[in-house]
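Multiple structures follow.
In the two complexes below, chain A is the common chain; its partner is chain B in one and chain C in the other.
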Partner chain A sequence: MKVVIASGKGGTGKTTVAVNLAWFLANCGRKVQYIDCDVEEPNGNFFISAHFSKRISAFVMLPVVDQQKCTSCGECSAKCRFNAIVRLPGNTMIFPELCHGCGLCLLVCPAKAISEDEREIGIIESGMGWGGISFVHGVLNIGEPMPKPLIRKVKEQGLSDHIQIIDAPPGTSCSFVETISDADLVILVTEPTPFGLHDLKISEEVARARGKSIRVVINKDNGTFRPLEKFLEDRRLKITARLPENRKVAEVYSKGDILLEELPDYREHFSSIAAEVFRQSENLEHSPNGVLP
Partner chain B sequence: MKIAITTSGDNLASPMDSRFGRAVRFLVYDTDTKGLLLVDNSQNLNAAQGAGIQAAQTVAEAGANVVITGHCGPKAFRVLKAAGIAVYNCEAATVQEALGLFGEGKLLTASNADVEGHWS
Partner chain C sequence: MVSGKGGTGKTSFTACMATLFKKKVLADCDVDAANLNLLLNADVVEEHNFVSGHKAAINRDICISCGGCREVCRYQAISEDYRVDGFSCEGCGACFYRCPAGAVTFAKALCGHFFVGKTKKQEYAVFAELLPGAENSGKLVTAVRKKALEIALEKGSKIILTDGPPGIGCTVIASLTGASFVVFVTEPTVSGVHDLKRVMELSRHFKLPGAVVINKSDLNRSYSNEIVFLCLERGFNLLGSIPYEPLVSQAQRQAKTILEYAPDCAASNAIRQIHRKLNRRLETL
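So, the complex of A and B:
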């Protein structure tokens, strides 16, 4: 079961929801794995108190051109969708920072002048946090422009017999799309503000276009922001929890503490989110081909 | 010598396009034959990435020895350098003016990219 917790921008309480949901599920005796896909700014380990026991490098394929064999025909450069190859007479240049490692140039080169090398884009660390929660995250190398392959590799560390709580990167870029690609449930965390609503609309559209089951958690809720309520009604979006506004939440967060330990009042809200996760997981088991209708 | 100038128009009086990778087209002026050649770059206008290096490949293929443009990013600059093409930055309003300034030796060669590339 893969549950992605996402929000359009940072700072809406996405990580708070992800961490506390993981805590709650672990306290229910479930096997939980926390997967932090925010590879550009991973911080879930801090909240989960993760101790890493394994560290691997993540690589992507990088083509190299043998200039001796290259006939400067230009096939590779014409076919590369990412504009990562330039053919100049006697010098075919590859731009690693643009290359997506798709391998097409290797296939199309008639002179077989291109071979495979690899390039490290980041590292993947995994281990254990409190409450027996398995933890894995990726750390993208500084200056590395392509988070997507690393996110994919981080998700490959997912344990199929665990409930995977996946912390999505902020925004609705290709990183977000990659993160939700195989999600069974997407929980969008939003705030009752015009900015929050704007981002919610975009993320909802992206997730819906990919046929995802979507639930909404409203953070810092005061129930008075009409445009948000209207949007949720219009879209028939299911609200699984409304977390009340409380100054103490930010304090707890800044100390890296667990909200549900410090403010037990919030447990009922997470109990509703967990119930939704269980319901979805049951639906999943009962659907014939393992996918939801 | 062939000089490629970034422009949004199609003749010497046309305005210069200050962008390199996403310039509408290049006007290539041959100082030996006084001939003009227009090279389209519009396929790069919507490129998500790598517009600069493809534009650099395009001007290299057109046989240019010199590029005059407003701004050139680091990757395009690397390609132009590898192709042995000199880059001159120029803020002139029209192509003609830019050519004039170049002829008088008033333009400076860019020794490095003057704008950072951006990721999308």
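So, the complex of A and C:
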């Protein structure tokens, strides 16, 4: 079971919800794995107190031109859609940061002068946190523009017999799409402000287009924000929990502590989120092809 | 303005600076979650399509089901029955070149729009909307940046205030390109400090000067102190600290900045002080 916690807008409380949901599920005796897909700025490890036992490099494929064989015909640079290859007299240059590793240049080179090598874009660390929670995250190298291949590789570390709690990156572009691609449930965390609502609308549209089951958690709730309530009604979106706004929550978060340990009042909210996860997980088991209706 | 971590207050801070700086152009480079104009409320005076990259499509009447496209596609974007998943397709064209039947079309992709808005004070703001889930967000940032520069040159504005995206990836790199100065808006939390370090390193990579603003500074004294040390260690100035202010979220609900909503609160005073310091610093550039 793969549960993605996402939001669109940054700072709405994705990590808070993901960490405390993982804590709650682990305390219910479930096998839980926390997967941090925010590879640009991974933070889940601070809250899960992860001890890493394994660290591997994540690579993408990068073309290498054999200048001896290269005839400088320019086919590769003309065909590359990402402007990652430039032909200069006697030298065909590759720009690694622009390359998407698609392999087209290998296909089109008439002189068979291009081969591929691996290039590191980040690392993947995994280990254990408190309560026996398995933990894995990716850390993108600084200056590396493309997080998507790393996110894909982080998700490959998912344990199929665990409930996977996946912390998504902020935003609604390709990183977010990659993170939710094989999710069984997407929990969108929003806040009752015009910003939160604006970004909720976009992420809901993407998740819906991908055919995902969507639930909503309203964080920093401090009374009715009509436009948000109306949107949720119109879209028939189910609110799984409303977490009240409280400066103490922000203080607990600032230290990297667990909200449910410091402020037990919030446990009832997470019990309803967990119940929703269990319900989806049962539906999943009972569906013949492993796909939710 | 960048932050690394999302939700530290970049947009709210940028909107406040927008009310204080004179003769500037605004640019919202957080193109997949663009919120600045919700506060500025500028009227759109120009709209542009943002076409970038390509998307493959397969004409199944012509397709001979040879499987060649599926073999060369590295993004698993082509299904067993030869349909292209537009979300997975990165637009590399491998299938297009590989197809022996000429069944693959490879059209330019509309990835979003960008807009020029005019505020009540007759100032310009450039912002964008990436289509939900679309690719090429970095290039859309570049389009926004270039448009803002064009307007600034035309109108003789000396300052472009850019609201950056969270993270350190392509959109952040594209936002920092061509910048003269970076303001790091951070918060004293374990995540805020960790993410600040990474985005500071990124700025170092581009050799950009910068300074730090600590938002919600009284949430955690020890992390606030850590940020002050970090500034000293990395050679960035501290522009100032803004205390945690519950009125900020109420101001946001009414689509107002805290300066408009509660001009006399401690946070507003701190913001005006930061503006004076930032203004002086920018004049030395």
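In this text, the second predicted complex is superposed on the first by the 291 of 293 C-alpha atoms of A that agree within 3 Å, B and C clash if a C-alpha of one lies under 4 Å from a C-alpha of the other, contacts with A are read in each partner's own complex, and residues count from 1 in each chain.
Keep this in mind: a contact is a pair of C-beta atoms (placed from the backbone, for glycine too) under 8 Å apart; a residue touches a chain by one contact, two chains touch by 3 or more.
Everything numeric in this text was worked out from a predicted model, so none of it was measured.
Enquirer: For A:H198, is the partner it touches chain B (first), chain C (second), both, or none of the two (neither)?
Expert: A:H198: touches chain C, not chain B.
Enquirer: Which of the two partners, first being chain B and second being chain C, lies in contact with A:T172: first, second, both, or neither?
Expert: Only chain C; A:T172 stays clear of chain B.
Enquirer: Does the superposition put A:F82 against chain B (first), chain C (second), both, or neither?
Expert: After superposing on A, A:F82 lies in contact with both chain B and chain C.
Enquirer: Under the stated touch criterion, which partner chain does A:L98 make contact with: chain B (first), chain C (second), both, or neither?
Expert: Touch partner of A:L98: chain B, not chain C.
Enquirer: In the superposed model, which partner reaches more residues of chain A, chain B or chain C?
Expert: Touching more residues of chain A than the other partner does is C.
Enquirer: Does the superposition put A:G132 against chain B (first), chain C (second), both, or neither?
Expert: neither
Enquirer: Figure out whether A:P145 sits in contact with chain B (first) or chain C (second), or with both, or with neither.
Expert: both
Enquirer: Overlap the chain B and chain C contact sets on chain A and report the shared residues.
Expert: 82, 145
Enquirer: Using the touch rule from the top, collect the residues of chain A that touch chain B in their complex.
Expert: Touching chain B from chain A are residues 77, 82-84, 86-89, 91, 93, 95, 97-98, 145.
Enquirer: Residue numbers of chain A touching chain C in their complex, please.
Expert: Against chain C, chain A makes touches at 8-12, 15, 38, 40-41, 43, 46-47, 79, 81-82, 100-104, 107-108, 140, 142-147, 169-177, 181, 191-195, 198-199, 202-203, 205-206, 209-210, 220, 222, 225, 245, 247, 250-251, 253-256.
Enquirer: Contact residues on chain B for chain A in the complex?
Expert: 47, 49-51, 53-54, 56-57, 60, 75, 78-79, 82-83, 119
Enquirer: Which residues of chain C touch chain A once you look at their complex with the stated criterion?
Expert: Result: residues 4-8, 11, 31-35, 38, 53-54, 72, 74-75, 87-88, 90-94, 97-98, 130, 132-135, 137-138, 165-173, 187-192, 194-195, 198, 201-202, 205, 216, 219-220, 223, 244, 246, 249, 252-253, 255 of chain C touch chain A.
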